[in-house]
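Got some structures for you, see below.
There are two complexes below, and they share subunit A, which is joined by subunit B in the first and by subunit C in the second.
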Partner chain A sequence: MIERSAVVEIIHAAVKEVMDQAGLPPPTSLSDETVIVGPGAVLDSLAVVSLIVEVEQALEMKHDVTVTLASDKAMSAKNSPFRSVGVLADHVLETIKEGGVHG
Partner chain B sequence: MVEVADKQVVLITGSRKGIGRHLAETYAKRGMLVEGCSRGDAGWEAANYTHANVDVADEKAVKHWISGVAKRHGRIDVVINNAAIATMNHVLLTPASTANRMLEVNVTGTMLVCRDAAKVMMRRKYGRIINFTTIVAPIALAGEAIYAASKSAVVTLTRILAYELGQWGITCNSFGATPIMTDMIKGVPQDKIDAVVQGLAIKRLGTYEDCTNVCDFFMAPGSDNITGQVLYLGGIT
Partner chain C sequence: MWLVERLASFPAADPALIWSDRVLTYGELLERTRAWKLGELAAGTVVAIEGTFSPNTCSLLLALLERQAVIVPITPGQRMHRAEFEAIAEVERTYVFADDDTFTVENHARPVEHVLTRKLRQRGHAGLVIFSSGSSGAAKAVLHDFEALLEKFRTPRQKKTVLTFLLFDHIGGIDTLMNALSNGGTVVTTPSRDPEVVWSLVAKHRVHTLPTSPTFLNLVLLHEAWKRHDASSLQVIAYGTEPMPQTTLRRLAEVLPHVKCVQTYGLSELGVLRSRSRPDGSLFISFTHDGFETQIRDGVLWVRSPAAMLGYLNAPDLFDAEGWLNTQDAVEVEGEWLRVLGRVSDLINVGGQKVYPAEVEGVLMQLPNVADVAVYGEKNPLTGHFVAARVNLASPEPLDVFKKRLRAFCRDKLAAWKIPVRIELTDEQQFSARFKKTRVKPA
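Let's look at the complex of A and B:
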């Protein structure tokens, strides 16, 4: 089972990559509280799409885990599972637990 | 880390027979790495060709297939969504299950392959998606209501994907061939086919080479500004 710290590392790298691609300055700091979706978010809605794909692809390439993070359940949740780095990390771990495919 | 293949990788759905097989054989022969799929075994082999048993309407199966391709080759350059099912029925005699299955394979299946392949294409900021539609939609051919409706949906899907994926260098176009004598239309009465052909500007059946020609055009490096288009053969617009 992949460690939470590894997932957080992937998300941090993905946020930096997406911000770099969008021509935005790198974030001064990233933590579990860094907001991804909603007021005060570091990314716009299109960049969030890129971020989710980037995280999925990194999980697949680096850890041989195939997941779909934008599931029906995730997209209809009252509180977005993409709203912050910490919440996204928990969502990734939950999704893997529920049926992520290993290699 | 995944090594990136030095050859172009082409995904073709419905490659067991007909147009899909022709395109798969053609591009494999040209040295591209062709990854094909169908619900059953291919029943044929070629150098540079790998087959997978995948129902494109099965989300997990599509994801697993494309993820496997990405792991083996590290890239996907071209997707040709050719897989489709058709039944010729008057709408008054069309069961909901038949309609739903056609929509699942032709629309949802196309969307799923586009979605998962685009995620791989995004990394290299390059991709060519070609979705097959049909001339029976613009000519409103009686007896093909659901099939034509599903392919109209594919055209709209493709036009919108062109906007959603353009920022990553991915072009998305649709292609509607004139009737080609494949298994798909073997159940269509000859007089119906003749009537369709007589309504064309170029009064002949389509050929596999017609399809290769159009795919070559959409796949060409110089076609990077051709997107969101639908190209019909035989004068149909």
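Let's look at the complex of A and C:
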């Protein structure tokens, strides 16, 4: 099982990567409370898509786990699983538990 | 049949076909055409020919044309689909040719019931059935009035030595053959589509014209085949089966400055239309084909032409009530000039913004160390789709290093939504046996 800290690390790296791609200055600090989507978000919707793919690819490369984070179920959840770094980390762990494919 | 009569007017000793280093003269081609014992074969019979361009397949094609048969060319690469194709086209007889040009004949007892085939029989014209591999997978059977399709070759043009790069069952392959023969030219056949083999044949037989695809030309540039073989005879490279990346065109002009690159517009449903390229070296073309009209509706090209297909044998047709055919190609228009952006079905919709794979592929091909690339849309519930790219590298490079490089390169060349989100590296070739790009869409 992947540690939550490892997932958080992957998300932090992905946020930095995606902001760099978008030509944005690197975030001054990242925490579980950093907002990804919604008011005060650091990323636009296209960048969120990039972030999700980035996280999926990192999970695959570093931990040999294949997951689809942006499923229809995730999108229709009452509270967006992408709203902050901490919530996304929990969503990643939950998705892996529910049936991520170990390659 | 005017075409066969025309062949008889050419000097009998002139070379018509070069196959496995053997030369078949016009005299021999006509002799073989007349030697086919078709005595009992009724006009309008549906006949399949499985083979490649060879003395026997080409002479049989001509003999069947004279007999007003409905001809269904099939290549050995499609053998696994032959039974299915025979059923769709209601084939009554199949000639199967082996590599050494010997053949076997199979007769099939089946009634010909399709309304379009019957209509053609009533017209008393020969027919041609082309199986077109749609992006959706299932092949569509396109029925042509072969004589209407050949009408454009009545106007005599310069005789040329032409290499049949495009296949025997492809509308462009049939066009190449008929174009050369109707003008007394020479058809050079190739056993393979390897750049080295093709270029060696160009040098050996002093080929003038090479109809091919942008994907193959990229391979030629990559393999640098032109460095090892003398292509000074080459006058024209015609490409037309998919949008040409601007970079490929520029690079060709550098390495083969004596060659004119001509874009043609061909569709299984329409045949190959004559066009000319805008003199500025761009991808804009203008049609010069007689007897057909064009319209642009919502950015999509519609064409009306007497040479258009009669219809599909196994799919709803694409004609409107006035006889206009929807090409399903999206185009950009500037005055009399238009540029083909790509198939409407290849369009990627990223949150309402449109992207054609060809545009992104054209930019990525300029990136150093990229050998080939296929761009496609990947589904995603946030933006509908996003742009994804599968890349073949010329030499190994770590994915994260390449991704950074690609994104930095694209930043000032493509709008944000056009820059690939998912980037994958692959060692597999990304084009089909027809040298058309296969844009793999993951499930």
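Note that in this section the second predicted complex is superposed on the first by the 103 of 103 C-alpha atoms of A that agree within 3 Å, B and C clash if a C-alpha of one lies under 4 Å from a C-alpha of the other, contacts with A are read in each partner's own complex, and residues count from 1 in each chain.
What we mean here is this: a contact is a pair of C-beta atoms (placed from the backbone, for glycine too) under 8 Å apart; a residue touches a chain by one contact, two chains touch by 3 or more.
Note that this is a predicted model, so its numbers are computed, not measured.
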Following superposition onto subunit A, is the placement of subunit B relative to subunit C best described as a clash or a fit? clash
If we overlay the two complexes on their shared chain A, which of subunit B and subunit C does A:S45 touch? Say first, second, both or neither. second
Identify the partner contact of A:G23: answer first if only subunit B is touched, second if only subunit C is, both if each is, neither if none is. second
First (subunit B), second (subunit C), both or neither: which does A:Q57 touch? both
Touching A:S80 in the superposition: subunit B (first), subunit C (second), both, neither? neither
Using the touch definition from the top, say if A:T66 reaches subunit B (first), subunit C (second), both or neither. first
Superposing the two structures on chain A, identify the stretch of subunit C from 96-104, 186-194 or 312-320 that clashes with subunit B. 312-320
Going by the contact definition given at the top, which residues of subunit A touch subunit B in one complex and subunit C in the other? 46, 50, 53, 57, 61
Residues of subunit A that touch subunit C when the two form their complex: 21-23, 45-46, 48-50, 52-53, 57, 61, 70-72, 74-75
Which of the residues in subunit C end up touching subunit A in this complex? 350-351, 380-383, 386, 399, 407, 411, 416-417, 419, 421-422
Where on subunit B does subunit A make contact in their complex? 1-2, 59-60, 63-64, 67, 70-71, 119-120, 122-123, 167
Counting only contacts in the complex, subunit A reaches subunit B at residues 46, 50, 53, 56-57, 60-62, 64, 66, 68, 101
